Structures are given as structure tokens and as C-alpha cells.
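Next, two complexes with chain A in common: one pairs it with chain B, the other with chain C.
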Partner chain A sequence: MNDDRIFLHDMKNMLGIIIGFSNLLLEGMPEEDPHRGDVDEIRLAAEGAIALLARWSQANLDRVKGDTR
Partner chain B sequence: MTAPRPGLLVVDDEPGIVRLIKRFAEGMGFVVTAAESGQEALEKLETEKAAAALVDLRMPDVDGLEVLRRIRTAQPDCQVILMTGHASLDTAIEAIKLGAMDYLSKPFDFDRLQELLGGVRDDIERRRALLAAESRMVRQLEFGGMVGRSAAMLELFDRIRRFAPHVRTALVTGETGTGKELVARALHASGPRPSKKFVCINCSAVVESLFESELFGHVRGAFTGAVEAKPGLFEVADGGTLFLDEIGELPLPAQAKLLRALETGDVQRVGSVDARHVDVRVVAATNRDLRAESAAGRFREDLFYRLSVVELNVTPLRDRREDIPYLTAAFVREFAGRFGKPILGPTPAAERILLTAPWPGNVRELRNTIERICIVTDDRLFTEKDTAACVTSLPPGVSPPAASAGATRTANSPLLADAERQHISRVLHGTAGNKKAAAKQLGVSRRSLYRKLDRLGLR
Partner chain C sequence: MSPLEHQTVTELPRATSLGKVLVVDDVSANVDLLNTLLSREGYTVLTASDGQQALEIVAREHPDLVLMDVMMPKLNGFGVCEQIKQNKATRLTPVVLITALCKREDRIQGINAGADDFLIKPINIHELTARARSLIRLKRYTDDLDTAESVIVSLALVIEARDAYTDGHCNRLADYATALGSALGLGNEDVAALYRGGYLHDVGKVGIPDAVLLKSGRLTQEEYKAIQQHPVIGDRLCGELRSLRRVRPIVRHHHERLDGTGYPDRLTGDDIPLLAQIMGIVDVYDAITTERPYKPAVRSDRAFEELMDEVKQGWRRRDLVEEFIRLMQLTRRPAIDTP
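Then we have the complex of A and B:
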């Protein structure tokens, strides 16, 4: 379980960095910049990964509970 | 002069996070110091000053709560925001108890982070504006070198203005360091002849046998050593004001002659039979209860009544604490100018110490304290730590910071002069400012106590 938590923490950190730098890029880009859409995709994917991570950790938690029962 | 940018310490063992926050915070006008471990953060705290710190909770060597604890002691004015990947209620409560400003969970809500850092920046800006306003305000609140907007001080200024044109003799009472001499000078400056001399004598610093000759002068050969005729201070002050500080220390024989001079305006040089007429306004000052002294036979009652026709009492600083921010602003401006440092004033936490300290040495002690702080500090806003290190008598509940290893010589280093200053202040406080009694307790002569007070900047 502890290993899972560390994995979760580090994974969230990485995804946070991807989202954070994507936001910084977007803030510095003019509205009409053709690359905006690409950066948006990167950010959306990272946000999707965080949602996946949350689902995975919940499922993991349920499995651990089931095992102990 | 543009204001320097506030410092932000970022502590996280993930270099990408540190770089991300650095980019973000620099865009908001912060100067960012990065640390990639708790240990590195503790080292950076020794040298770098930060207005705020963003600290990751979970780090391998020294964890975030420990870093938070160390920041609270090393830089109490620094606002700490903790960050964590997995929010736990217990650690959040612990963090807030330890004085963290907030708790952010990862991945960041950048709007929230922006709000928090913006708040820190605005607080500093507001503080600067407030201190600048107080500094401007001082000019309007100043009267004869005294600063005050408390009811007690406004009444004192009013009484000085009303009495100054007419008064012949006045008695200024008040504890040590309240500014009795400034009251006397204001009486002189607001009087009819401000261009004439203002002559001071401290009655406790004159050898008893020389009093008469000091005040009234002597003729040649009047006593051994009187090789030349010398005018007394009454003659020197003719047309102006003679200020007799610590009048309670005047020996009884001199009191009799002083009373005569006050009543007739005639002074007689020692050894001379001729009296000279002088026109001198006499302002006496004391921190003793002269009424009680005269009841006990230590001070001539008739002289007391003669002097106290007009009595001006100066309120101790602890009873007019609302003046402390303005006095602080005035002294900061004075010493920042003298030392060529761009110091604006105290942080809110530092100001709390100044507002609640007991100040047994009154305004003089506050002034000396601000001078020491201005010597020690290198920041625009001086901190709680700088202040606690320089205030001789701290408010209850505030302890002096421990001297850090390898620190340069500052006011919190255990210098003999500091120990001496503190001990003398305590003894003086115990004797309610009575220097004769304090000298006796300290086992030194009154004169050597005076020399010490001068040297240690306690006068």
C-alpha cells in the first residue's frame, strides 16, 4: 500500500508539471496562435491521466478492502 | 527607487515542480530561491530572506512539517504554504497549528496559488504604503522634537504652547527617558526669546562641592583652584533659559541659594559680595516625587512650591502606546538616513513586539532600540527576529532568539556591553529611574554610572 502511495504521489507530480507548463505556454500565446490547439491536447491528456489515476487508486483501495474481508 | 521584489522559497524534491513554480512565481514578480530537499531548504534559510515559502510535505530527508517548524523560528514573518500529493486531514491540521498560511493539494489549482501569492505580495505592498503614510504623518504630529497623537501628548503640547509666553519657572516631571529635556527646550523655543541661550546642567553629574560655583560662578581666588573668575550658568543663560535636570539631586545648601536666585533674580559669585541681576527662566526636571522628597525633608519645600507653579508631567510610553508607530517611524527615518539604508519600518509581527514591550526606559529606550535594529537589519522591513534581538525588555511570552552559529556580530551576540546594558536597565527599572539608588546597588559612583549610561547609549 505504501509503495502505491509513493507511486501515486510521484505520478501526480509528473502530471502536475505537464499541466502546469502547458498552462504557462497557453498564457503566453496569442489567441490566434496555431499551436494553441496542440498544447491544449497535451493538457487535456494529462488531465485525463489524473482522472484515470484517481479511478485506479479507488479500485486498488476497494480490492485491498475486499482482500481483508 | 523601485521596491525590491519579494523573495519566495520553493522546496520540493521533484525538480520539475520547482522549475514550474519558479516560472509561475517569477511571472508574478517574486525572486525565487529553489531547494530540492528539506536539508537544502534549511541551509538556504540561514542566508536567504523570504516573504513566502512553498514547501512540499513529503520529502525523503527532512519533511515539510519540519521545514515549516524551522521557518517559524528562523523567519517568523515568512508565510508558509504547504503542498502535498495526498491530502490528509491530520497533517493539514498540524500544519495550520504550526502557523502555515495554507495547504495546497497536487496537482495544483493554479488560480488558488496565484491568489495566495498575490495576497502575500499585496500585504507587503500595503505594509509599505502604511509605513510611508506614517512617516509622512510624523511631520504633522511633531512638536519640539516630540512626536505624539495620544490625548496625553496633545494636552502636553497644548499646555506648553499656553504657558511658554509667560512662565518664569516650571517643573517637568516624568520617568527616565520620557523626554523631559525636550519639554524644557519646547518651552524655551515657544517662549518670547527663543534666540537667547538654552543652558543645561545635570544636577546629578556635578560634584557636590562645585554646585555653587557652577550655578553662580566664582571670583578669582574664591577657593583653591579658582585661578580665574568664572561666570555661573545663571549669568551665561541671562535672557534665556536655564534647564536644571535631575533637580532632586541638588544638595540642600545649593537649594537655598537657588531659591534666592529665583525669588530675587540676583546671583552672587562665590567669594564676591556684589549681587548681579539676571533675567533667566528656570525649568527644572525630575523623575522623583519631589512632593514626597520635600515631605521627607530631603528637598526644600519652599523651593518645591516655587518650582512647581507650573508643573508639566510627561506620560510614560507604556501609557501612550498609540504613539509607538509614529515614534518608530520617526526614529526609523532618522537612523535609516544616518546609516544610508532603505529601511521602511517593522513587519506586522515586529510591530506587535514594539507595541507590547514594557519600555521601562521610555522613548529613549525605544529610540536606542530602533537604532540597534537599523544597524543590524539588512531588509526594508525589519522582522520580529531582528526586533526581539534588540529589545532589552521583551513583552511577556516573547523570548529572545538564540544566536545562530557563525553569525556575524549582531545585537543578539553575547557582548559584554549588551549584558552590561541589560543589567543596568534592569536595576534602573527597579529603582524607578533613580540613578543615585541604582549606582548604590551597582556598587559604582553616581558619576561613573553616568559615564556608563553615556557610553552604552542609555541616556
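Then we have the complex of A and C:
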């Protein structure tokens, strides 16, 4: 369980960095910059990964509960 | 003048920094990210990559705020926070713990370590700067209080810390109340009283046992009576302090209602001091929009409806509530990471 927590923490940490820097890039880019879409994809993928992670940890939690029942 | 010259004129460095923020994280990319965000907003940023280094910098540089990751090798964020808060010279330095997990136990451990606030990764820049701004403001405020008043303010923050659910409540109330007061055109002294009132309104809860204050089930009539004593106790605590003269009516009357069904003095209509009415409105709003042991958090539009219901019931002044709603809708900023 503790290993899971550390994994979850570190993973979210990395994804947070990706999202944070993507946002910074986007803010510094003019509206018409052709690379905006690409950076947006990076950010969206990282956000998707965080959502996946949340689902994974919930499923894990349910499984642990099921085991102890 | 060439465009270049013009640029150097407009981009003169800011004369004063908004404050000194120490960022602590063992992952250097995180430090870089926060450093970039905060420098851009006008803060002076110091950085540390582990707990020991953080403690040294706090002692030497007296930052206005510490933003710290919880999970770090060796000395973790909780440990560092505890040491900052146990040292007399640094205990008033606000500490915000940053965690990638939003587990309730983490928050409780953080509150026990004396943390002033929490942020959850991935960090939202608006949330970050809002917290930084209000905590630094609070620090400046406590920096120049007389000792007696600062004791009462710390007392108020201790009460807030007793209940994990009211975490940040004082801070938000001070913000909402001063915003509403300024929008209504109140004078500086009144707005300042609202600010202090935000922190002190519930100070009387020190006199109420945990078993009652934190109870999640239904309250017995006696317990309810005990809770209703908190404005009276708070008023007495502020006692003879000259600096709190304008704050006392807020503390005593923030639970009164226009129709006389409030407490402790069952005042009606205009007999309820205006500043206390303002505090009452923002207190209700914050209570509704925050998660509590007996209910989940509610969206702000639902809270606006409930406030308007209270107007219809004759509890609150319509003009004040409408102004507050207008203000909240105006200042509500979209999160930066919404597509």
C-alpha cells in the first residue's frame, strides 16, 4: 500500500510538471502560433494521465477493501 | 524614441517585491516551475532542495512564506514545518504544504505540524497566487500587531486548526468581508475592522469543548446552547483591547438575524451593526461552499440561492446579499487549466 502511495505521488509530480510547463509555454505563445496545438496536446495527454491515475488508485483502494472484508 | 528604448522604459524592474517566498522541493523541475510562476507575479523567490537547507534559509532570510513539498527524502515537509513552528523566531512564518496526494490523513498530519495551508499538485497558478497573497498579507498584519492582539489572533487560528473542515475559513472570510465592505463604500477603518473580524469572529469557540464543536451528528439542545455562547465568549476575550474596539460588535453579533431569531442578543433590523451583518452573510456563504463533516461542498450558485432564501425569510438585507453575489460573480476567475 505504501509503495502505491509513493508511486502515485511521484507519478502525479511528474505529470504536474508537464502540465505546469505546458501552461507556461502556452501563456507565452501568441494566439496564432502554429505550435499551440502541439503544446495543447502535451498538456491534454498529461491531464488524461492524471485522470487515469485517479481511476487506478480508486480501483486499487476498492481491491484492498475487498481483500480485508 | 525607438521601440527598443520605449520597451526599456516600460519594463523597469519593480521597485518593491510583493514578498519573499521560499520554495522547497527535492525535484528540481518543480522548484523551477514555482520559481518561474512566482517571480513573474512579482515575488522574490528563494529555493531549497531539502529540509535541512530549508531550515537554514528560514532562520537566515526570514521569508514571508514557505511553499514546501511534503514528500522529500530525509527530513520531510511535515518535519520541517514542525521545526519552523516550534522555533520562537520563525513560528509566525506561514507554511503552505504541497502534496500530490489529497488524502485526509495528510491534511491532518499537516495541521498537526502547524501548516497554514495546503496546495494540491498539479498546482493551479491562480490558487497559488491567491493563497500566497493572503498569507503574506496576514503575516504583515501580525508582524505589526501589539502582542496582546497577536495572542488573540493566534488563538483564533488555533480554533480554526482544531477543525480540519474549517481550514482556511478565517482567511477567506477576511477576504470576502473586506471585498464586500469596500464595494459598499465603507471607510478604511471599517474595512480594517472587517479584516480583523474575519480572523476573530469565532475566537469564542475556544470556550467550547471539542466534543461539541467537532460533533458530526445532531446536537442536543444543551450542546446547541453551548455553541450559541461563542459570540459572547469572544466578545469578552477581546475585552478592553483598544485596538479591537471596532471588531467587538462583529464578534458579538455575527449570528444575529434581522427578524430577531438569531443569537446571542436577538437583535432586530438596523440594531444589528452593519459590519456584523456583512460578516454574517460571508460566513454563511463560506460555510455552504465548504465541505463539512455532515455535508459535501456545494457549488457557489447553490450558495447564492440559499442566501437569497434567507433574504426572503427576513433574515438578511437584500441589498447587502445582492451586492455580495454580484461581487462574487465578478471576481470568480476561470481556472487556468480549463480547456
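Throughout what follows, the second predicted complex is superposed on the first by the 69 of 69 C-alpha atoms of A that agree within 3 Å, B and C clash if a C-alpha of one lies under 4 Å from a C-alpha of the other, contacts with A are read in each partner's own complex, and residues count from 1 in each chain.
The criterion applied here is as follows: a residue touches a chain if its C-beta (ideal position, glycine included) is under 8 Å from a C-beta of that chain, and two chains touch if they have at least 3 such contacts.
The structure presented is a predicted model; accordingly, all values stated were derived computationally and were not measured.
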item	value
Chain B versus chain C as contact partner of A:F21, first or second or both or neither	both
Chain A residues touched - chain C or chain B, whichever exceeds	C
Contacts of A:N13 with chain B and chain C, given as first, second, both or neither	both
Touched partner set for A:L44, first chain B, second chain C, both or neither	second
Chain B versus chain C as contact partner of A:A59, first or second or both or neither	neither
Touched partner set for A:M29, first chain B, second chain C, both or neither	neither
Chain C-contacting residues of chain A that also contact chain B	5, 8-10, 12-13, 15-17, 19-21, 23-24, 50
In the complex with chain B, residue positions of chain A that touch it	5, 8-10, 12-17, 19-21, 23-24, 50
Complex contacts: residues of chain B adjacent to chain A	14, 16-17, 19-21, 23-24, 27, 58, 85-86, 106-108, 110
Residues of chain A defined as touching chain C within the complex	5-6, 8-10, 12-13, 15-17, 19-21, 23-24, 40, 43-44, 47, 50
Touching residues (chain side chain C, partner chain A) in the complex	27, 29-30, 33, 36-37, 71, 99-101, 121-123, 125, 336-337, 339
